[in-house]
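What follows is a pair of complexes built around chain A, which joins chain B in one and chain C in the other.
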Partner chain A sequence: MAINDDDLDKLCFLARLALNEGDRAPLKSDLQRMLGFVDSLRDADVGDCAPMAHPHDSDLRRRVDAVSSGDQCDQLTALAPAASAGMFLVPKVIE
Partner chain B sequence: MSAAVDAWEAVIGLEVHVQLRTASKMFSGAATAYGAEANCQANVVDVALPGVLPVVNAEAINKAIRFGLAVGGDISADSVFDRKNYFYPDLPKGYQLSQFAQPIVAGGLVHARRADGSLLQVQLTRAHLEEDAGKSIHDAFAGATGVDYNRAGTPLLEVVTEPVLHSAADAVAYLKALHTLVRWLGICDGNMQEGSFRCDANVSVRPRGSDQLGVRSEVKNVNSFRFVEKAISYEIERHIRLCERGEQPVQETRLYDAARDQTRSMRSKEYAEDYRYFPDPDLPPLRLSEAEIAAQREQLPELPQQRYRRYLEELGLSDYDADLLSTERALSDYYEQVAAAAGDAKLAANWVLGEFSAALNSAQLNVEDSPLDSARLGGLLAKLASKEINGKIAKKVFEAMWRSADSAAEAIDRLGLKKIDDSAALAAMVDQLIAQHPEQWAQLQQGQDKLLQFFIGQAMRATRGQADAGVLQGMIRDRLGQ
Partner chain C sequence: MSLPTTVAGQLDALAAGHCQAADLIQAAREQGCRHADLNAWISEVEPTAPAAAENAKLGGIPYAHKDLFCTAGVRTTCGSKMLADFVPPYSATVHERLDRAGAVLMGKANMDEFGMGSSNEHSHFGAVLNPWDRQRVAGGSSGGSAALVAARVVPFATATDTGGSIRQPAAFCGVSGIKPTYGRVSRWGMVAYASSLDQGGVIAQTAEDCALVLQQMAGFDERDSTSLQAPVDDYRQALQQPLRGLRIGVAKCFFGSGVSDPVAVAVNAALAQMEAQGAVLVDIDLSHAELAIAAYYLIAPAEASSNLSRYDGVRYGYRCEQPRDLDDLYRRTRSEGFGAEVRKRILLGTYALSAGYYDAYYLRAQKVRRLIAGDYSRAFEGVDLIAGPTAPTVAFKLGEKLADPLAMYASDVNTVGVNLAGLPAMSIPCGFDQGLPIGLQLIGPALSEARLLAAAHQYQLHTGWHQQRPGTSGVPS
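Showing the complex of A and B:
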């Protein structure tokens, strides 16, 4: 499968990436190679393998339903570029 | 318009987000209580700081299993958490953890009743576990949106129906039955104002008789039964109007505006809905053993639908009473205990739905906070059932018991309302009444039977209702020579 400019535009939109014009060709080539690698996996014989959702045969660890963390508002909002009244502030988004 | 409307059939499928009642979040140990100060209940996992890992809340899983068993769905021995990728500020990871290809519950049936009493069975597609997003506040900051992650990571069970509903009224009947069920099971508090039970409706129309599905629109996050009904009705009419004009509805998400009673477009789905689901590499599959599922099955209570049928068929309650007594678990359990103690199921139903519910209402109390426990009310009704007291006295005793910790016997004693069973004293009183009212007595003797009630009434007044009306009637008839 070849990556064309439309595919690249769509991937960039989904990943919210704004590419410089000069980055387009190298990225297209990288993506092409990744797809080539994925294609090569198709050649592996997996006839005896059931499809799996995870490479490790391990059980999902579960925790008891208990509150184990308290108010971290000040520490968390201190990491944010902008915060006010305990809230994280982001550029206005409204639908 | 109605002929045109009849030519179309609405097809509705519902997705309900049921917030599971847990102390902590789906994948973190932060609290889930509603109404806390912004971001005081968010931790490093909820805001997706680098390097943190999710750990699943066992109680959310158990509650999902109980739901699946209650609707007769298949509990998956192997279910998987996927990443649903999209960007929005209230989703700090850039993906929501949700179950896509392998949900914990497949299938199932919800039993609902329409307003006219007819049965509505709604086929479920699935129910899957996922995490809630945070909340965006758009109007509090100039030029900025504020984000509160307290809700981020709260466990949700998303319950999805097949597109099998055909009217707004049926959609609401289903929602009410689901709402009853999740509260009954104790898996959700059902508070719609606080967003604990939120509905998205997928609506389309097709020519009546067709088996093709039309293009659907999705109405998001409607938070009351009344608004769901209005929003769906509006959408059905809008789709029919478009189709009648020969236009095709667009696949899109719409918001219901209650103030204007209309829906408006929120975003077009064609580009936005590319979620690129894939299994979360941080969470291995959730494997459930038969023993774990059986342990949850043992915890299932008798379900509202089962109780409703038992009330109708075994206890002989009216449809109306059976319905009211199988809707709210606390009231239903209270009724069960009263009926057992009273030994008379119909009498207990009358009193629990009558005097008791009226007293709760006027005191603005929940059943759980009732000052009169079920054993005491049952004791009072046992005395009424055995005719130890009559209905009028029972009401007085009820009021006294509501305001005290007395048993029925204690309240009756305290109020001096014990039934007069001294027949000699009653006989003397009857003779005295006859002497006091010679005209009425003569008329009664001449066959004016309604005067029998006059004498019984006089006797009841004289004894403050403590005499047995049947005994009095026998004594008067004796004296009439009947």
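Showing the complex of A and C:
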């Protein structure tokens, strides 16, 4: 599986990553090798095997829909790089 | 007076009044200073000796946390620049339980960034050196935990295992490590890498110590929706179960290409020892085992790409300087905050989950995962445990595999299948090659931790590999 520059740009967009120019060539090479390696799965006879998403293979247990930890707004916004009035701050998105 | 270095030994010494918790803490601090060059700590804390508490099963025993267990008020970095200054407002269930048991946190151990690595060279805080040979890796991702126990700084350390991250560093550093059944130990407050594979466990010198510590960590936690609602066995009592009659499956695939001759010889000798103690060796077939690495390196990065999307520079963690707009904030924060290996795995996972490739890669890997789990289920119809080498070689040299990701991933060849199937497994020391430890892996069916610990303990009663420590000479019988 060949990874070209367009593929890499699309992946970086989806993953919200920016790449330095110098990182592109080795990354393309590594991804190509890794995808070539995992391509070995194509030869596996999986028949009508159901996909296994989780070792328990059952529905997740649900909790009661009730507040358990109370208001932690101040504690949590204190961790943020930028916050004000109990809200996280981000660059302006609406003019 | 020389203080004991095992959990069991220290508990006995405390109970007999031969020492106090403060002595153990001081000894750990001094030993840590002697081995500071290992770079095994990310953060050290100023511990205080706990007041004697009823039911304090680990009262006064010093330990280290792998630095992805959240600890309120103590920074939790996951070995990443992204969380280099993150101080969690809450503690992981594992930390709460160990705290309740009276164990004394000495600090947070170095690790591969977010658990992604097999050598501990992918840490923002630098590589951990192997205490047996400082030119070699400690293994990963729980390299700091394994190195601290091997160097006798602490008698035990917490660790996590997504594809071998407890067992492989335990093997490389000559210590014992147990990766419990998926869901046996709460993941609440344990920073996620790949949520269907991650599991917390213990690294210690002996199987007995692993039993003592796991007893305090294991059990149902309503805050973790994947936590198992099953009673926890009495692990220490189970240690007395002899090997006689135990059927141990031996799969040829675990001795395949890449496994060095000295490793194969040592593991076969360990199997012969177990046979001499009454175990019965049975040839088994795990026919899809060779696909485990490929399936793992699609599933784990796919889950990682989703889990790590939370690091966006908005709510906590690193944020880039002066973002132009929201997209620039996201992209530069993530590119500057994550290291190269994490970025690579996020991109691989993004690829596997993206439109047009999902069925061909991710879904197919999940189907192969079921085949692999099915192999183990069938095998356990005829055997009680499965054994083989933990890692194909002894610890490799620093930098040796950094340029070749596939060579690095190959060191996980015998460990990742266990995580895909959600099974418990251990690594225990079973020999040396060129003065470097070799690990024996024991795998059990779900919730067979007591059986695993007992088999490892019985082996350790008759061998001395686990008693070897870096800097000592001579090979035990």
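Basically, the second predicted complex is superposed on the first by the 85 of 95 C-alpha atoms of A that agree within 3 Å, B and C clash if a C-alpha of one lies under 4 Å from a C-alpha of the other, contacts with A are read in each partner's own complex, and residues count from 1 in each chain.
Heads up, the rule we're going with is that a contact is a pair of C-beta atoms (placed from the backbone, for glycine too) under 8 Å apart; a residue touches a chain by one contact, two chains touch by 3 or more.
Only a predicted model underlies this, so the values are computations on that prediction, with no experimental measurement involved.
**Student:** Is A:4 touching anything from chain B or chain C once the two structures are fitted on A? First, second, both or neither.
**Tutor:** A:4 contacts neither chain B nor chain C.
**Student:** One more residue to check, A:87. First (chain B), second (chain C), both or neither?
**Tutor:** A:87: touches chain B, not chain C.
**Student:** Classify the contacts of A:76 with the two partner chains as first (chain B alone), second (chain C alone), both, or neither.
**Tutor:** In the superposition, A:76 touches chain B and chain C alike.
**Student:** If you stack the two complexes on chain A, which partner ends up touching A:40: first (chain B), second (chain C), both, or neither?
**Tutor:** A:40 contacts chain C only, not chain B.
**Student:** Once the two complexes are aligned on chain A, which partner has more residues of chain A within touching range, chain B or chain C?
**Tutor:** After superposition, C is the partner touching more of chain A.
**Student:** Would you check which partner chain A:60 touches, where first means chain B only, second means chain C only, and both and neither mean what they say?
**Tutor:** After superposing on A, A:60 lies in contact with both chain B and chain C.
**Student:** Which partner does A:17 contact after superposing on A: first (chain B), second (chain C), both, neither?
**Tutor:** A:17 contacts chain C only, not chain B.
**Student:** For chain A, what residues appear in both contact lists, the one with chain B and the one with chain C?
**Tutor:** Shared contact residues on chain A (touching chain B in one complex, chain C in the other): 14, 16, 53-54, 56, 60-63, 72, 76, 79, 82, 88, 90-93.
**Student:** Write out the stretch or stretches of chain C touching chain A in their complex.
**Tutor:** Residues 86-87, 89, 182-183, 196, 222, 225-226, 228-229, 288, 291, 293-295, 297-298, 305, 309, 312-319, 323-332, 334-335, 338, 340, 343-344, 346-348, 350-351, 354, 360-361, 363-371, 373, 405-406, 420-422, 446 of chain C touch chain A in their complex.
**Student:** How about chain A: which of its residues touch chain C in the complex?
**Tutor:** Residues of chain A touching chain C: 8, 10-12, 14-19, 23, 27, 30-31, 33-35, 37-38, 40-42, 44, 46, 49-56, 60-63, 72, 75-76, 78-82, 88, 90-93.
**Student:** Within the complex, which stretch of chain A touches chain B?
**Tutor:** 13-14, 16, 53-54, 56, 58-69, 71-73, 76-77, 79, 82, 84-95
**Student:** Within the complex, which stretch of chain B touches chain A?
**Tutor:** 22-24, 28-31, 37-44, 47, 49, 55-61, 80, 85, 87-89, 102, 136-138, 140-141, 143-149, 266-267, 271, 274, 276, 279, 281, 283-287
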